[in-house]
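In the two complexes that follow, chain A is the common piece, with chain B as its partner first and chain C second.
Coming up: the complex of A and B.
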């Protein structure tokens, strides 16, 4: 759990390193007894006591007796993170909506707000201004200092400085979002690709907690994907994350705004889902979700209406699995509302057709338990990364 | 260049760590002056002298005065790796051929042999026996002890124990190749996927020396790919490497032996290349290569005959680039013999159509300078990894 400190390390550095490891454990996995912390972090109980006492004095954790006593002897105290002690702002910019949340240590969403965007007509400046305006009342209500900001954007993002290179569904190009938000909020800001943050959220708090090799694929308006490989986020050159939705899977398919044709997104994105459901392509999100929920009741009807859609979903996933060999695929956002019969059929098709799935013992395909909050939660985790190390 | 040793490290460990770093530098980048070694490894000159003296005494390196003296003052001695001082056996198992080489420290191929296989009719036991039989005379000729073995296989391989899970073009499944070869050769054996080893070779000694994010794609009979991400090999769950050739890119395409349909391999593998060249699908390799070399002379004719083939090659590469965001794609084996006009056209198409290529500043597409030796060189590097740390 805790990595070995490097040579030349002073006692202060060791203490800080162990403190971060302990705080991260509580942040990610929740309340834990001192005894379990000692065992998990490989530290002795007196070291744990000193660390916990220090964090308690700083108000970051509290301790109480566990409700259930196990066995005889003195019970080990339960250590709980104190959500209000370190709060970050998470912002999830979508094509049709912006959602914001204040998230406390431990992952609890302490306050939230959201507003709609006109599809493809939201200027970056408008969004930045509205985020800043909405932030103040949220933070005042909570009466806590916010220590960092994480932002999720559906596009090609350079994480080092928060440059949004291209967010096609938003019609944004070359937006210095990280710098600009940091200037108006006067806080450190980290920006990430939405699907990468969805993957991070599932890995830390969702369906992929025990999966070191996983892919998160989600449909909002477009389709995006994030990859965790050997426990870490997979990024390309310059820190950019891939665009899974622009895998060309139907050479004679529809032209895509990205300049290519037959992209996966054109077959399994929101518009394609609407076509499959035989409702107008610009149906409001609520109508799409309602239609999907209704279909869930009758697996046969669901497969009859969504059979071809499921075929395209499976085809793209076979490619992803053959390229990356994950043990788990988590379907997010609109995909998470697909009828269970469709998800099961897709999972079966992937295991049947993918050579690599067979090698890794059968890739599982599941829906996201975090649903629509995944990217917001991921944005909070992105903001927490530097915060936890600095405490 | 050299990583910091961990806490609790003893002086012996530090010396061993620095020794490995120095030896690896000489192995990978070749002869180097003591002064340059000191600068690159961040060590002082007296430490370098002690390390080099130790390695020289063990016969692993030699020193000589550089041919050209630069500037005034005493010239820094040039340190050269001694190829015969540490030799590994590299084995490249292909669908139609097995190639073997003894490779010395520094990467020089000191001796080699190869033989043909009947396509899809080579039993693992036959190959293992022939490798063992061919190894002895090779090693005797060289009069050197061989310290390890690396094997390249065109299939889904578990690197931890060298299990070949599925090598469809060889018709092998569940072959304990690592264990079995280790037993007959009485040497440690590492087995890797052929495309992953091609990528490793290009990264260490080929076109991708300076590319931390690259993809190697090669056509032998089938099509395989290996990925270096942030400087390390990308693997999936259980250490398995992806199968890029089984990305489905033509849903209405030919059935593939893997159980899927329209796999990339069915459009850009050797058989597809033969169809594009209008020669029989089972043409001998020499005929395919000769035909390609002839086309190289006339770019217009080349594009006319290979235009559709180039289109499918570009389509698959756009997908790979959109998923992984590499700065460089290296085309290996048969792809390395494609006419320059075709390669240029494909590179242009990738940069034009891939959203992610645009973000990373334009992914370059080049042919492998290592050509047919890439996988053999990669297998040698795989064998050298543990050897260099143990010296």
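Coming up: the complex of A and C.
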């Protein structure tokens, strides 16, 4: 809504608010009948009709007779969001690759591409140029206008203007990513921390749709965490929450690039997982996944080989759960491929050892259904936020 | 690291008097994209056809997941989990996506085609690859764009739970945007733990997705190197001259001794 708390509300604002609410409902939860929309939003059926007609005239939704009828009488029309009507560009910058996708209303990925980055040798200018280069052919193929951009960065980000304070694994400091991309693409750009966007994606479209308090923990090269508390993102001063990979958990542990020693990341990050699997630390991602998939076939062997790794994962998670008190922990990215036996064991250990978990009735630990796309989907949601209220 | 998923040792192949492959060693690892590069006539397609069981090898050893195998035909290769996506795709224009994906391996229920189950599996496979660009799995292949056809051909490999996928010039006939989508798909195949072999002439494509680069020169495997350790120009030299500095074949004077 555009009105400030001190101003009165005009019917115009109310209509705009309702329209946004309806569109957001369709965007997040998918197609729905008019009758169900009326019930969910608590609005009059004629109001819903007027809103849907307006959205249909703008090409944002289409209506169709439902295939399955429920009950007697004239069936309520099914309202479907039209993915191509509003498309955003999502960019997921990782330490070793960049993935881009064009995402339509409803969260459909309509087109995508990706490329490798050399670890630690990717200059921001190089990434920005490549994004701009790759964007045009993708958008041209879809023949739609793109209305906004969301970017996920593995680092500390100021959301207001998209300044990347520091992305240690990329060796970026003080990069005005938002401004620079916006200037090149001529579109509004929003930038967010990768783990925070992963949490957002899980909350909107993944395993945590019904969880108001959740933590998303993901392992790529480093380990990061995003927190949803009472249904909204926990950011802390300047958005620094989330560097849970740098909790010191092993005083005599390995030195970490952050300057500390024995960080959680050094025991459960990608390199640690490679050590546990007895494969070279610089193995390509697919090789790690292939090893894990093979292990999953035999739970006993999986626990034997990953026992110590699971112990460190559980130890860190107990701290995280005791600190943040989530009802759900979603393990993302590389963690999402861990054998089920290991994830079950870790969940069990957390519930047994964490005081807070016992208090909240047992924190569940699950793997992400979105896998490697979580951050991309989160970046799209970030871009959609201002778009849904403006169209 | 575990055993390579597919390993060829000392493969020779002649067509009559023409010796096409000379003692070729080739390794495919699970979860990696291995690019197979070489000039026209270097033997790339012949090597792939030997792996796929279309050509028999004159000599040489093949190990799959650690144990020696003898592949006598495409069906045996498919049964092992080796799938090939050919340059000309081998999709049937007059059939839809589901029919193509199950061609020759249709699922039956009570003696009839189980259309619903096949459709469900096709849809699930495309979704697992985040392929949303195809509107309906009942679309005829003739109505698809080049990139979409390539996607269907690759998805077929995933559907059959292949462990090795060989792609013969998958982007040769595609525009910029579609090339990128297919390369993105190639990368995601490897990230799911499959062993992927990409044959390509396009160095930009190769460096975009490959973990390792294997170079054939006049029927000989002259180098098999991690992509991170070689440059664009070194690979071009290996392709055209068979050597680049210390890489590749020994110098002729040393070779003649």
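Keep in mind that, in the parts below, the second predicted complex is superposed on the first by the 381 of 391 C-alpha atoms of A that agree within 3 Å, B and C clash if a C-alpha of one lies under 4 Å from a C-alpha of the other, contacts with A are read in each partner's own complex, and residues count from 1 in each chain.
What we mean here is this: a residue touches a chain if its C-beta (ideal position, glycine included) is under 8 Å from a C-beta of that chain, and two chains touch if they have at least 3 such contacts.
Here the structure is a predicted model, which means the values were calculated and not measured.
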item	value
Side-by-side fit of chain B and chain C on chain A, or clash	fit
Which of chain B and chain C A:243 touches, first, second, both or neither	first
Partner chain(s) touched by A:109 [first = chain B, second = chain C, both, neither]	second
Which of chain B and chain C A:118 touches, first, second, both or neither	second
Chain B versus chain C as contact partner of A:134, first or second or both or neither	second
Residue contacts on chain A - larger count, chain B or chain C	B
Partner chain in contact with A:285 - chain B first, chain C second, else both or neither	second
Cα-centre angle that chain B and chain C span when viewed from chain A, reported as a multiple of 10 degrees	150
First (chain B), second (chain C), both or neither touched by A:150	neither
First (chain B), second (chain C), both or neither touched by A:81	neither
Closest approach of chain C to chain B (Cα atoms, Å)	30
Interface residues, chain B side, partner chain A - complex	4-9, 156, 158, 165-166, 168, 211-213, 225, 229-230, 234-238, 240-244, 246-251, 258-260, 315, 318-320, 322-327, 352-356, 358-361, 363
Chain C contact footprint on chain A (complex, rising order)	97, 99, 108-116, 118, 134, 137-138, 140-141, 278-280, 283-294, 372-373
Chain C to chain A touching residues, read off their complex	1-2, 5, 29-33, 130, 132-133, 175-178, 180-181, 183-184, 187-188, 190-195, 207-209, 211, 228
